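Below: one structure in structure tokens.
A, B and C are the chain letters, set down in written order, and residue numbers restart from 1 in every chain.
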Amino acid sequence: MSLIKYEENGKIGTITLDNDKQRNALSLELIRELDAKLTEIANERKINVVIIQAEGKVFSSGHNLREIDGAPVEDVANLFEECQALMEKIRNIPQVVISKVHAIATAAGAQLVAASDLAIASDNSLFATPGTLIGLFCHTPAVFVSRNLDRKKAAELLFTGDFITAEEAKIHGLINRVVPLEKLDEETEKFANSVARHSLAVLEAGKKQLYTQLQITNDFDALTYSSDVMVKNSQKPDAVEGIRAFLEKRPAEWSDR
Amino acid sequence: MSLIKYEENGKIGTITLDNDKQRNALSLELIRELDAKLTEIANERKINVVIIQAEGKVFSSGHNLREIDGAPVEDVANLFEECQALMEKIRNIPQVVISKVHAIATAAGAQLVAASDLAIASDNSLFATPGTLIGLFCHTPAVFVSRNLDRKKAAELLFTGDFITAEEAKIHGLINRVVPLEKLDEETEKFANSVARHSLAVLEAGKKQLYTQLQITNDFDALTYSSDVMVKNSQKPDAVEGIRAFLEKRPAEWSDR
Amino acid sequence: MSLIKYEENGKIGTITLDNDKQRNALSLELIRELDAKLTEIANERKINVVIIQAEGKVFSSGHNLREIDGAPVEDVANLFEECQALMEKIRNIPQVVISKVHAIATAAGAQLVAASDLAIASDNSLFATPGTLIGLFCHTPAVFVSRNLDRKKAAELLFTGDFITAEEAKIHGLINRVVPLEKLDEETEKFANSVARHSLAVLEAGKKQLYTQLQITNDFDALTYSSDVMVKNSQKPDAVEGIRAFLEKRPAEWSDR
């Protein structure tokens, strides 16, 4: 039986973590199912936006500690390798990934939110990286948490292990939107549609370039690379169509090329 | 006829984008005029702060799409090269550059704000990087937008193409101040004066070192470089005068050296 | 007579800057005393959290300008070398360092706050890097200020020299908490305890890895390094105990290994 569910609606695909019993832990099995589904979505190129949501009491509680407790170190190493591969998959698919959080996202669950391109949460949501509480610092969640939130706030999450509210998470950069729980579905759909309406080719090129230039320390090296991408992409079918449509004051028709 | 106006008042120079008809688009002509004016200001060393403001319905709508639509790729490449040179000029002049935004700053217009040292905006201002809407991702604006705003907020601007308000822009780091439209002139003058009162030599040295150390990834490599700059600059005339004046409880007199 | 006081209470050590007459300036003597005390704390490994607070009118006014005014350049160079060594000491001790600010933290005093792992301040606190006012840009404070606050806000502090409030400092990332002055002691104790309750070995490993990965530009290089650390640390005594305790629903007992 699968630990995730999937459905598509127009240009939006929704993956639902569906393992309430284990608090949607990022178990090895769940990681593999998520990775396989994202690979399929990337290959099919039918949708533009992937929403990752969850059913049950929490969004995700992070790794399944039973897969670490007493396990051979090789197995632990493999677990973290596959988890890293999942984070890289999120980065490398052409689609924009939105985490949709309700209730609680902790440890690797918070990492999943941080590694997503965008995130929305209900106003009762809480976020934490509580590894210190169980004697194992959230070393891997720290990477994307500290690349989303400012340094002091990231340190606070990691050193205290305490929760921050959705509102704090928004102000400090972990998530984009906070909405009342009863509007979470509706507002996520609006948010997803604001991205899904664009050309997949344009989103793909933008996602690739946005993150690539972020890995270039020097501002103007990053700009030189980005100018080059911009010039090349200005010649692509959807740019030609989009600019022409704008100048002719008509809606553009995307070919996704 | 020029697309910009310029006036000086004490230590503050104000460049006004003056092409309402084209929504103050960063056309090749406007880019060249801006670049030439900034070069002149840098060479003259008469003022300490440059304000970039605009007249008309918007601050700036970004590139002139008519210069991209159907243009030979060499021309597009040249446009982006000259635009990058303008951004480097803003970085390399000794003066502190303040963008003063009213109404709307989009695409390369938002890039201009992000690439400025400081920014102030009227409370009715809106910011967007809407390239996705015309099939050409805001690849170049992404560079400074993602170096001003936190990662998730930058991604939101770039992937949705939607506007954010001045207040959001302030909280997430794109601008420094939001003021009522009727106070924009007065508050900008105050803000500019809080910088312009200092020695040009000190502002120049600070601007150079601030950005240089930001391009050094390692914290303590950046600090080693910065300590060295600080020691050297402690021996310069305006540091000697400034420290002495402080200890003698009298106003300093800057020689701009 | 010492310029600092020190006391320990359980797992928390509190260093008090005690030189009100010189506004708790980071004089060479104070820098050396702080460095020596932190070295001792690091070697003893008795406590988990160091609070740096101050007695007197302000938290710290930064460097003692009388040590720069008219001094031989070798002495100035030595001062900044020893100050940098102190910042590196804060980074390299196993304990988490919390700055507890009241009233005013300026220049190298603001640098001390920025270089700390965490910071809390009373709601009447003000922060500034006012070097421009004395003709010597806050080149060294700029390093950690610009690695805490977003780029525009850091530039504002550095170019204007003006104060920002504790609330602004919190929103933009310089400090974690703002509390009423009369609750500063109580809230700092709570904040410190939320960290001090953890294993010193876990805090040490976390602190080292958090900052190391921040110095790695590429996201996934940082994650590869961090995954490796996580796997290794999952085998350490306090991780084994912490995870087992969690699964057995009992409190963990830390061996600090």
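One rule holds for everything that comes next: contacts are C-beta pairs under 8 Å (C-beta built on N, C-alpha and C of every residue); 3 or more make two chains touch, one makes a residue touch a chain.
Predicted model only: the values in this text are computed from it and were never measured.
Engineer: Rounded to the nearest 5 degrees, what angle rotates subunit A onto subunit C on CA?
Structural biologist: About 120 degrees of rotation relates the two copies.
Engineer: For the homomeric pair subunit A and subunit B, should the interface be classed as same or different, according to whether the shared residue numbers exceed half of all numbers used?
Structural biologist: Since fewer than half of the residue numbers are used by both chains, the interface counts as different.
Engineer: With centres defined as the mean C-alpha position, give me the subunit A-subunit B separation in Å.
Structural biologist: Chain centroid spacing, subunit A to subunit B, equals 31 Å.
Engineer: What positions in subunit B touch 2 or more of the other chains?
Structural biologist: Expected reply: 147, 150, 171-172, 214, 217.
Engineer: For the complex, which residues does subunit A have touching subunit C?
Structural biologist: 65-66, 68-69, 73, 76-77, 80-81, 83-84, 87-88, 91, 131-140, 142-144, 146-147, 150-156, 158-162, 171-172, 211, 214-217
Engineer: Okay, in this complex, where on subunit C does subunit A touch?
Structural biologist: Those in contact with subunit A are residues 96, 117-119, 147-150, 171-176, 191, 194-195, 198-199, 202-203, 205-207, 209-210, 213-214, 217-220, 222-224, 226-227, 229-231, 233-236, 238-247, 252, 254.
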